[in-house]
Amino acid sequence: MKRDPSPTTLRSQLTAFFRVIASIIWKDLTVELRSRELLTAMLVFALLVVLIFNFALELDVKNRTGVTPGILWVTFTFAGTLGLNRSMAIEKDRGCLDGLLLVPVDRSAIYFGKFISNLAFMVIVEIIILPVYSALYNVNLFHPGLLLVILLGSIGYMAIGTLLAAMSVQTRTRDVLLPILLFPVVVPVLVAAVKSSGGFLQGSELAEILPWLNLLIAYDVIFIAIALMLFDYIVEE
Amino acid sequence: MSFQEITPDTSVYMIAGFTVFFGMMAIYLVSLFFRWRILKRKLELLKNMEKRKNS
Amino acid sequence: METRPFGLRILDAVTVLLLIAATCMVFFYAPREAAMGEVQRLFYFHVAAAWVGMLGFVAAGAAGIVYLHTQHIIWDIIESAAVEISLVFFFIAILLGSIWARPIWNAWWTWDPRLTTAAILELIYIAYMMLRQGIEDPDRRARFGAVYTLVGVLSIPITFLSIRLFRTIHPVVIGTASEAARGMFGMTPPMKQTFFFCFFIFTVIFADLFWNRILLGNLSKKIDQLRYRLM
Amino acid sequence: MIVVKNLVKRFGLKTVLRGVDFQVEPGEFVALLGSNGTGKTTFLRILASLSRPTGGNVRIAGCRLPAQAEAVRSRLGFVSHQPLLYGDLTTEENLYFYGRMYAIPNIEQRISEVLDMLGLDFHRRDLVRTLSRGMQQRLSIGRAVLHDPQVLLFDEPYTGLDQNASVMLDKMLSRVAARGRAVVITSHDLIHIEDLATRYDILGRGLIVASSTREKLGRGSLLTFYRQAFQGA
């Protein structure tokens, strides 16, 4: 690597990095606050999925606790792809992605910015769905462990989802392609998240849940690292 | 384990299995062969076109 | 590269002969397994096909890394060839596994970690094919293909781990739980010899198909080049 | 300011640029002309560090591409034929967003300056998607000059503009070019370009086939020059 003519210190590079991340998050939230397209779509869709499960699975009291983690994660997964597609379409429609790529900062900052705002949208949807679900089915979901699992699972899902959405938005089939690309590679997240959510809800011992939590954390770390390495190849010609 | 003493007759499944194996291999080979032939034909066509263009 | 090189023709012939030899060995040399009967003979080809699938999987991942590093189109051709062969052979392995499982476990499908992982890998490969189909520009197709291959290659071991963990915590095995029924039969020496012979033969089959498929990819690239020149 | 030597760009099998040599001094306003599909956009995208060159040397403001892309990007403004603006943000917010990412000191003041210059002060709080195409294009220029770059690149800025908007754009272009910047503009609209640019380079089949300055050509003869260049090539 060659040095820039105007030598910049690591510290100023870091501030630039975080400033870009913060700007992208600010921008995404402002746009969303104004149009409310993305969150509305995700929320309505998530509620519909919960509703459909009620009829599809006949959720009587006996069944509920067993299938609750499964229903929650299916809902989050589907709503998540909806959000990812929309969030990337915003960048692609008016060529804004090029505008971001022109900013003098390492491209991983753009990945992180989009990743964190996508994650924020997913977490917002989850925060709304959880109380609604517990009210509708009379299940207490407010367990700190469960919240931790949901956060870890969403991180893993969005880490790889942001990367693949940046890819699928540049193809001919666009939004159809994203779930097809994404679902087979997030299987470990779903397995681990469903299992550990179930563990917390049924009050299993921590030793039983711990392997799943470790798996989630490992997945998160590995896939954030991978996405950082590969993001450049996706946005550059 | 009752069936450990008497060997069950599973030859039908065996025959089905090997049929599937050789069938799949054949399908793949045939697909490779046809793709190869189609490409060769295209190549011939393009070469002729190039010759005509040059002459 | 309009005609296949002499070496490849010889390899083709050798491969066919070896496959015939392997088939004979499976039928006539390997003894009948007492607990499962004739269907156990599928085991040799089943495992060997999965082995070829694994070879293709590793080759695709390696080619993906090299492509992203060098950006040379030949590595993209190699990568897609490896994916295609791996797709076919994992599919064969899954089918043979199912047919084997039916009389033994009384079910076509068990959610065994290896079997499930293979099925998920098939889905990743299909997604890979669809991704490539959706991109016009050959450079971008190659880049995205390589990126997705790498994502798949890294997620598969974790998937396998997670499904195995899933099974160990919930030890509900469909069908009988006897050792024999789970496929862990003791192999007699002739069985072992057949097994390793099949492994070897299928590696040769892999090499032969891989070579052929790479030539096919090369030919297709050449045609695109020629067509572009004529336009 | 811009030095390009033997630039080659291939997309898969297509060779779009086959050895372009190109140079722009500070204060020069270069029009890059040529019919569609001759690689004008590709060329500008390489200069803007959005696309990697396959071969050759590119230096912008003394920095090499793509090795020192970040340094180049901070000295460069790029206006694409897409506006690169967010429809659901206001005029002011769009500039604020880009300004923050470029780390511009006194952002508010700089935004006011730019909006004044563009004549968009009145639309400060309008959502970008409610603006006309011409106003969006002007704002897009504002976005590109926000960080006061030494090099400005315009890719087909006249596409989709009506007569009034084009005249307005002419004014903007001459205003942003007047500060000793190096400007490169691509277009197939010869009429507007003729009065603006100081030099005309013609790109045909991936090479610069002809080049001339305004002084040499004299008024009204760009079209003839353009035609001759293609007959010669």
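When the chains are written out, they are named A, B, C and D in that same order, and each has its own residue count from 1.
One rule holds for everything that comes next: a contact is a pair of C-beta atoms (placed from the backbone, for glycine too) under 8 Å apart; a residue touches a chain by one contact, two chains touch by 3 or more.
Remember, predicted model here, so these are calculated numbers, not experimental data.
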Centroid-based (C-alpha) most distant chain relative to chain A: B
Whole-Å gap separating chain B and chain D, where each centre is the average of the chain's CA atoms: 54
Gap in Å, rounded to a whole number, between the CA centres of chain C and chain A: 32
Rounded Å distance, chain A centre to chain D centre (Cα mean): 37
Separation of chain C from chain D, taking each centre as the mean of its C-alpha atoms, in whole Å: 51
Residue numbers of chain A (touch at least two other chains): 237
Sequence positions of chain C contacting 2 or more other chains: 139
Contacting chain pairs - touch in the sense defined above: A-C, A-D, B-C, C-D
Residues of chain D that touch chain A when the two form their complex: 45, 48-52, 62-64, 67-68, 70-74, 76, 78, 80, 82-89, 93, 97-98, 100-103, 127, 143
Residues of chain D that touch chain C when the two form their complex: 11-14
Interfacial residue positions of chain B with respect to chain C in the complex: 1, 3-4, 7-11, 13-14, 16-18, 20-21, 24-25, 28, 32, 35-36, 39-40, 42-43, 46-47, 49-50, 53
Contact set on chain C toward chain A in their complex: 68, 120-121, 123-124, 126-127, 130-131, 133-136, 139-140, 143-144, 146-148, 150-152, 154-155, 158-159, 161-163, 165-166, 169
Chain C-touching residues of chain A, taken from the complex the two chains share: 160, 163-164, 167-168, 170-173, 177, 180-181, 183-188, 191-192, 195, 208, 211-212, 215, 218-219, 222-223, 226, 230, 233-234, 237
